[in-house]
Amino acid sequence: MLYLELLFQGIVQGSIYALIALGLTLVYGLLRILHVAHAALFTLGGYVGVIVTNATGSFTLAMVVAMITVGLIGVLTYKLAYEPLLDKPPFIALIASIALFIAAEEVFRIVFGPYGLSYAQPPLQGGFEIINGFFLKYAEALVICISVVMLLLLGWFSAYTRLGVSWRATVTDPDMARAFGVNIQNVRYLNFFVGSALAAVAGVLVALLNNLVEPTMGSVASYKALAIIVLGGLGSIRGTLIASMALGVIESFGTIYIGHLLDRDALAFGFLIIVLMVRPQGLLGSK
Amino acid sequence: MAYEITLLTTMSISVLFALSLNFITGFCGQISLGHAAFMGVGAYTAAIMMKASVSLLVAIPVAAVFAGALGLLVGFASLRVRHDFLAITTMGVVFLFVGVVRQQEFLGGEVGISGIQRSELGRTGFLLLCISLAALFAGFSLLVKRSWLGFVFDSIADNEDVSRVIGIDVAKYKLFAFVVGTAAAGVAGALYAQHFRYVGPDSFGFVESISVLAMVVVGGIGSVWGVMFAAAVLSVLPLLIQFVDDYKILVYSALLFSMMRFAPDGLAGIVNRSMNRIKGRSS
Amino acid sequence: MTPVLEVKDVTVRFGGVIAVDKASVSIEAGELIGFVGPNGAGKTTLMRVITGIVKPQQGSVTLEGKDLTGLSINQRVRAGLALAQQIVQPLRGMTVLNNVALACGTAKTANPFKAIKSFDKRAERATALALLTRVGLQDVADNEPSKLPLGYLKRLEVARALALKPRLLLLDEPLAGLNQSEASSLADLIKTLNHDGLSILLIEHNLREVMRVCPKVYVQDLGKSLAFGEAKKIMSRPDVIAAYLGKG
């Protein structure tokens, strides 16, 4: 029973990781930038979600508003922060991104207050019994469902729409895509919009799980998501999904069984280092 | 006077720490997002020794050896993984370090080690020690830059594969850079332990690793003078901008961002460009 | 007499595919040999076996009688093998002169402890300038490589390889990407270097130039040694022509 519970917790956490890390991997695949500030967009998503829900009473509306606002701010981030740095050494963009992330955390603290916000009437309370004695919260079930739906949508979009195909082509081979007349600039905008919108979804969901959104909500995500995309093989979407789930499950079992030796983060990074020493290109990376 | 001494001590420890990262990242081109871990190893080593009434002057070299040994290990890792993979691996090292330290009773766990005795040098003596060690390493760095070692480092930072094609044993050079850089960080850690007379797991985490990388990048990656200046200023900047109080971190991060956005080659780059402009005008 | 380079019965398999099948070639001191073959002949793979990037399942590579098996590329370079790569890779952060000067300093760069004790770069810079003059790059010695056209960078690759004072110079498609006049002037340079006593293995697609400058050629097709000998004779052999024309 404990195993099942830990497994489900791992999957819930893994789904959140996946939603966050996916945007990061898209950015990396296209621009080779470790986009730390992505985690700030995740937090922002949480804030928009709580504020809109509290103002209108509709959680669904809040989700949509969060995706659109955060998606647009993601595009803006690219335009103002990264675009001018593309031809510079990669650590320049990395540090700029870290600075941006710290600044954003401060802005959240100053604007929304240091103690965070909660849902006035938290939606989706309670849970249901899966098998005797084992309950899954509605919120947790929603996290898993939404992640699956988002990923399927993303898969459909990239495989069956014209825009999606040119997007994938650009990620695989930008020069070739350009030769075929793909507008690289638009693809980049799209990339940031989609990636940031997914982070916003994760933010709204985490705010729901904890019934709290605070300025530092993204700090774990900022570095853990980097670990995940590296673990997955940098730029590999499938690798990112596998790594997210693996890390979610390993953390959930690890904290119970070897938590007295290593804390959650150390566990994740210990796993990361071991994998990289065996496979320096990540789980699904190509050499 | 005491305040000035504290300020100067903080500055010189930061200068040494930043130069130690500059040796690895600036000279040899190996990015590290976990450099605080090595300072931490040095600091904890020295803290335990000083608690056992060992002199600071004995603790310093031991701290260097311990930090350098871990550095050698991470250096070996750097031979397996490259670029962004290396960056995240080094980030993993610092989380692993903090995670391990937190759970060890003999390292003080969450609360850390406090009540470290003052060294026999006295405050001024200790300040002079810090300044001389920082100056020593700065001199060493300048020497390396002029030597063939610096020449080889330039090529490795530029392109490892090409370095191999001209007969350079890249692995040896990388390990050398890691050992020297991390040992120096260990020394900075020992000084830190004496200066604050306290070490804890939160003093040597990811944030500290990023701060020191920021010093190197703001100074101008690889530039000894630039890095020294940036480290001296940035280490006390939070104190100097006390007047903005609640907006301190915001101002700091905004400055850092603007620097990357508008002058990515750092202070050294700004100085070089203006020098060239002056030269261009006069000739 | 021991050949400068001897490749013996080298076989490389990638998964189930045989890329190189029992290939053998040897170069005597002072020879200039053109290494040709149609696309997919396994030229690049064999080249990588010689430099040590690909490990063969069978066979050996010896340089002046010294077995190179298990040595890394930098060790092979120090044993006397120099390489000018097909895709030019200058060190972009330093001047053309320093690119070559660094390669001139192999004695000083053997390990970090030697390197940290050496400061004087004058002798190496002088040698580097002489080498640049030899390949016709003396005028751009102080330029940064990023601003130079491909033809110059190809010559820089050659100068940097010469700086290593090699026993054997390995040229990987040096003429690729050059126009006809650039290509033939670089081919002339290769010929001159050989006249001055350097042993050269020239891997090249441009048959016309190979035929013009190389007295002997080695032909590889489908991973196998097809022919080896005097250029004119070999290239008139029906099986060689067939391999090039893709008959059958």
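In this document, chain identifiers A, B and C correspond to the written order of the chains, with residue numbering beginning at 1 in each.
We take it that contacts are C-beta pairs under 8 Å (C-beta built on N, C-alpha and C of every residue); 3 or more make two chains touch, one makes a residue touch a chain.
Only a predicted model underlies this, so the values are computations on that prediction, with no experimental measurement involved.
Inter-chain contacts peak for the pair A-B, counting C-beta pairs in contact. A summary of chain positions shows that the Cα centroid lying nearest the centre of all protein Cα atoms is that of chain B. Taking the mean of the C-alpha atoms as each chain's centre, subunit A and subunit B sit 31 Å apart.
Taking the mean of the C-alpha atoms as each chain's centre, subunit A and subunit C sit 48 Å apart.
Inter-chain spacing, taken between the CA centroids of subunit B and subunit C, is 42 Å.
Subunit A meets subunit B in the complex at residues 28, 32, 34, 81, 84-85, 88-96, 98-100, 102-103, 106-107, 110, 223, 226-227, 230, 234, 260-263, 265-270, 272-273, 276-277, 280-282. Of all residues in subunit B, those touching subunit A in their complex are 31, 77, 80-85, 87-89, 91-93, 95-96, 98-100, 102-103, 206, 210, 213-214, 217, 221, 246-247, 249-250, 252-254, 256-257, 260-261, 264. Chain contact summary for the complex, subunit C toward subunit B: residues 72-75, 77-78, 83, 85, 89-94, 98, 102-103, 105-106, 108-112, 114-119, 121, 160, 163-164.
Interface residues of subunit B, counted against subunit C in their complex, comprise 143-144, 146-149, 151-152, 154-155, 157-159, 161-170, 172-173, 176.
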